[in-house]
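What follows is a group of structures, each given as structure tokens.
In the two complexes below, chain A is the common chain; its partner is chain B in one and chain C in the other.
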Partner chain A sequence: MSIKRQKLVSTAAIYAMLTPTFGLLAVFSLVPFVWAFVTSFFDYEVGGESRFVGFDNYLEYLHDPTLLPSFGNLLFLTVFGLLIVSTVPLAVAKLIFSLKSEKARYLYRVLFLIPIVVPGVAGMMIWQGMIYNDTGLLNETLRMLGREDLTRGWLSDPRTVLWAVVFMGFPFAGGINILIYYAGLAGISESIHEAAELDGARGLMKFLKIDVPLVMSQIKLLTILTVIGTVQGFEGMFILTKGGPGFKTMVPGLWMYMNAFSFQRMGYACAIGVLLFLLILSLTILNMRYFRSSEELKAESA
Partner chain B sequence: MVIVLGLAAWALWPRAATHAGADVHDVKDSAPRKYTIRVAPGIYMPGRRPQDLGKPLDGLRDVTREFEKQYPDTRIEFTEAPVGQREYLITQLAAGQAPDIINVNVGDVWQDVQKGWYLPLDKYLEQPNPFIAKGQPGSVQWWDQFKYQAISRSKTAPDGKVYCVTYDMVETGIFYNKSMFARLDLSVPKDWGEFLKLQQKLKDAGVIPFLVDKGAVADWGVDLVFNQLYGTIVPGLKLKRDPSREAHLSRFFDWDELAFLNQKGFFTRRDPRFVETFRILKAWRQFFEKDMSSTDLTKAFVTQKGAMYWTGSWQVNRLVRDPDVGFDWGLFYLPPIPKSLSRFADGHPQCVIGGSGTQFEVTNSAFDDTHNAATSEKLKRTIAFIQYLTIPKNVDRVVNEILCFLPNVVGAEPRPELKPFDTILQRDFANSKWLYTFDLRFDEIMRRMLDLYINNGISEDEFMAWMETNVKTACETIVRRKQIDLSKFEPKWKELAPLRAGVQELPSEH
Partner chain C sequence: MRNRWGQLALHAVLICILTLTLAPFVFVITNSMRTNSEMNHAFFGLPKFGRQMFDGYAYAWEVLRPYTLNTMLVCIVTGGGVVLVGSVSAYVFSRCKFKGRDTLFLAVLAFMMIPGVLTLVPSFLWVKKLGLLNSHWVLILPYLAGGQVFAIFLFKSFFDGLPGELFESARMDGAGHLKLYWSVVLPLSKSVIAVVGIVNILGTWNNFLWPFITNSDAKYHVISSGLYLMNQSNVSSNFATMFAAYVLASIPLLILFLYATKPFMQGVTSGAFKA
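Now for the complex of A and B:
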């Protein structure tokens, strides 16, 4: 068998092995995407007639009364999420990394990772039922302190609901993010730290000037994941508040879901989905373009 | 890998019909049968303990076993389908995989009548029930069996067809703590003014005057207050007459009428009655529980933190059977709004807003043996099963097993504890059901914004702006989807002009 033929057979075998994966990906991800894109140009009610409406669904969404509140909420949630993801887990990772004992470092890594075994939905329901409920921890504490006047429905009061939602998961220190930062910190060469210390860098200064730039790849990764997760995600709001009271915690993803499955406005929901896709794509491109990782910075300076 | 895939396939493989759903059969009775009818019976699910009280239910199981003896080729299988979840319902119905008999709010059915998902039942209701002896109600027409005739017949959809068999009745009422009322020297109010004063006294006494779910305010509250303010002008606005629904829904506005009236300026900021409807609800809000989302209302009533509780007849089951209820309780209905409190009211009695608690609809799955309702043997058995369920003694065994609903069949009397609801059910029906029967998106937005408005989250102007847009969008959607020609109402509108001539503060068209 010639080398060329051998190569061909080996390539064909690789493609053959990839085909089922690609097929499933196409059926469950790519085809629905194309279908959603096409459907966004129709007034389509499940079980009803479908009518081509051009860009009407998109134009209608631009005038949708939920558009501004839901994108306002999305912006707030994204900014808050980014602030949290780029600070608390990094600080905790640094603290663990700074421990002298390897055993202690291992123990704390495990302890901080354990909360991820609790499903997110269960965590939310615990906060909803045990902390924010009328007879939950917050209100009962206030009552105990004689401040009945301050009690409220934390998830139903328009003034507190958004803050109540974002503070769920406080103190934000558990989970995989710490491990990602820890891996980044572990990858920084000891010689860099020694050189920095010789130059007089200590404590917070060393952390900000040496560690943070060198874990920029991790920050970038978590930034992208947070943005995508926040824009796409609606299950939290669905479970906790259904986007209420009013539209105080509505997010575009939840409105898309409700239009599709509650109001049977599938075409309209698809239009929202396509717009969300474009938004995520744009934000990811911006992130990739302007947010440089340590490797890229190194490459540029070389 | 092979083992894992094999185990996964085994786990996901559909179980044989004999084991799926609630088991009503003995183990030995697992022989295959030609027809399997899947039923989502709602609250009467065999084995269930409604509100976690009393013994597990077995009335429906017993009736079903008897039916199966008469139809040896048929198996009835009960399923806990979340039919109240629109997402579930739509996907199952669209795929033709819904249970054959379901129990869905009739308003939900009306949303989809044009899609062929539900079977019109008129022809069966107009024929005798074969299980009824000659001379008994139902032996000429199945229709005659139903006790609350007007309400049952009013379940006719706007397309003129009946898609449900109304099995029982539910109604709302205000449960009140009689012992507390006696202690505070309070009595049942006769009108809305007294009602507000009563609630103020209870508030001053340090209890929550009125416990109510926020969904109930948006649903029942809006309909009842709307009825009080529009009741007197309905004759000048009512555009349709439908003999099949006249007995109960003679004053009821259907979606096409609402859409036409909206074109004439009704249900906008220019319509002072519409604004006043929500203003009255907001003024009432001060007497409700502080947190309308997470307060356990039943617990608050049972533990005497709240004095009154507006809820449905199903709560009787709890109050009678719960050993923690350490007080006497009574029931009254919402009092009328007098003219002294609103210039649009005239003090006529509050209307009824309840109706069927359980209504059986037959879905398109019921004739999936031939995909033709006219030739389906399975459908014949499906209908027969519902007919069998409506035999008076069977209704008694099923409905009266719990203290939630009132039987809707002549010859099956309600339990004494539920009799007060029978009186309430004799009242006139509401002019409208804004939620459920109008438009689903409208429902969602109205619930949300009303919640925000009555809880001081937005001003009246903002709320009315939302409502105006919401009603307009819903009307446009309905006209488009149902392909309604509103111009057909113009002649009738002109004909009714003399009836509107003397009415004050009607909205302008523009």
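Now for the complex of A and C:
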């Protein structure tokens, strides 16, 4: 009966319903995707001549003065980001989850979510204009403590700029990550906890041996998202430092942006974009392959 | 007894972290009501009561009003479009049998692997060629194309989980696919719709680079690009105005947040977010 009815909806109707999806994907995702590779083999300036140059753009990037500093910065940002995302929100989620009162658990989750209403650009400019500013929170606090000697332009001093950038958003607890971990913790059945307690597991030991392995799916997801986000992210640098002072906070994405929109070198920019795509792709595949989520761990031990 | 102290300690730690998290925003609110001279006098302090408290807001709103309206328009059209297109396609992938279904679904998912950094420059060249620069469409259409992929993924895994008998019994009553989609599936999907809608609106609201490079005409600026340009202009030396602008830019999302917290939290907590 049901199969017969399904046949009534003709294949044509099905394809018609899928047309918006595939039409949009073809025009606004597939074309730019292909075009990125094509343009990367051309010396192309907007309004100027376009000339086929083979792999020249790629070869030039290998000798680019920003190559080493920008990938060094990227590594630093990624490691820092991974350390943070796999610890702070998980710990806060665990603290909230350990509360007895259901109301309190809900309230804390809502309150920690509030920072997502502040637009990202505004959040960065708040740190720039209010905390790292010459007369901002950080310097004024130091002056109050009588440590005028420690005050500085946090985003212009080459010794502090990178740390200033990564510490934006301290204590890294606001946002949706807590909810994601919380969902994982809530999915652990009570009987596992009871069994662990019978075996004498307590406190931190129990957290590390029971909770952490069982939220590996969430850790894996956030790890992948953090790596992808860091490799391609450069809005922060664009808004705060423009990669400076010098190339102290340059990242590959920002250099790509500058080549395209400041120096009009579209082909070169696309070549950098292609390299970043390949980097993201291989990191994602590595992550999928070698990072075991809890479901996969369970399947393997069964 | 030990337990009660433990709970108190938990609250103490959480309140500390929460204070640190929210403190910058509290400073933004208080300092948005203080003049530059008040702030130069003392960074920490409460605003002096009086009409001048709202000067920053009055000026910031004048600048931000058109940007806010643009952003809301783009957000509503994109969010609604993504929910509609995404749920229809997900319904087809989940509940219709046809040749090539799995291949097509994988083809859609494959687009998740294309990072924005790869397509930023060629997308710009492409929409320029299409003559879309300086319009609302240059934001809406690419956002729709990109946003629907994750939406289809979330919707499909939710539809797959709905009990089959539900569909069987509705079909027995002679309901077609349109009726099934509209009066059986959608009413059950409120929390997924909330998640998809909010994730999209947040993304659209926060997107800065794309509107910044595609709209040079001030008429089409959105909140993010508008705030950035405000910060680059000579307004930026007036702290109260800038801080007021940040507060104003956050209010629409705060309202949405108050309205949709519950279904959104249910949706995220249902465990769809894992790898």
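Methods note: the second predicted complex is superposed on the first by the 290 of 302 C-alpha atoms of A that agree within 3 Å, B and C clash if a C-alpha of one lies under 4 Å from a C-alpha of the other, contacts with A are read in each partner's own complex, and residues count from 1 in each chain.
Assume a contact is a pair of C-beta atoms (placed from the backbone, for glycine too) under 8 Å apart; a residue touches a chain by one contact, two chains touch by 3 or more.
Model, not experiment: these values are computed from the prediction.
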{"item": "Partner chain in contact with A:K220 - chain B first, chain C second, else both or neither", "value": "second"}
{"item": "Which of chain B and chain C A:G120 touches, first, second, both or neither", "value": "second"}
{"item": "Partner chain in contact with A:Q232 - chain B first, chain C second, else both or neither", "value": "second"}
{"item": "First (chain B), second (chain C), both or neither touched by A:S262", "value": "first"}
{"item": "Chain B versus chain C as contact partner of A:F247, first or second or both or neither", "value": "first"}
{"item": "Chain B versus chain C as contact partner of A:F55, first or second or both or neither", "value": "neither"}
{"item": "Touching partner for A:C270 - first (chain B), second (chain C), both, neither", "value": "second"}
{"item": "Chain C versus chain B, contacts on chain A by residue", "value": "C"}
{"item": "Touching both chain C and chain B, counted on chain A across the two superposed complexes", "value": "46, 135-136, 261"}
{"item": "Contact footprint of chain A on chain C as seen in their complex", "value": "7, 10-11, 13-14, 17-18, 20-22, 24-25, 27-28, 31, 39-40, 43-44, 85-86, 88-89, 92, 96-99, 104, 108, 111, 113-126, 128, 141-142, 144-146, 148-149, 152, 167-168, 171-172, 176-177, 202, 205-206, 208-209, 213, 223-224, 227-228, 231, 236, 239, 242-243, 245-246, 249-250, 253-254, 256-257, 261, 265, 268-271, 273-275"}
{"item": "Complex interface listing, chain B residues touching chain A", "value": "86-87, 90-91, 93-94, 111-112, 114-117, 289-296, 440-441, 444-445, 448-449, 451-452, 455-458, 466, 469, 480-481"}
{"item": "Chain A residues touching chain C - in the complex, by the definition given at the top", "value": "1-3, 5-6, 9, 11, 14, 17-18, 20-22, 24-25, 27-29, 31-33, 35-36, 39, 46, 92, 95-96, 98-100, 104, 108-122, 125-127, 129-131, 135-137, 140, 170-171, 173-174, 176, 179-180, 182-184, 186-187, 217-218, 220-221, 224, 228, 231-232, 234-235, 238-239, 253, 256-257, 260-261, 266, 269-270, 273-274, 276-277, 280-281, 284, 288, 293"}
{"item": "Residues of chain A that touch chain B when the two form their complex", "value": "43, 45-48, 65, 128, 132-136, 151-153, 155-158, 243-248, 258-259, 261-265"}
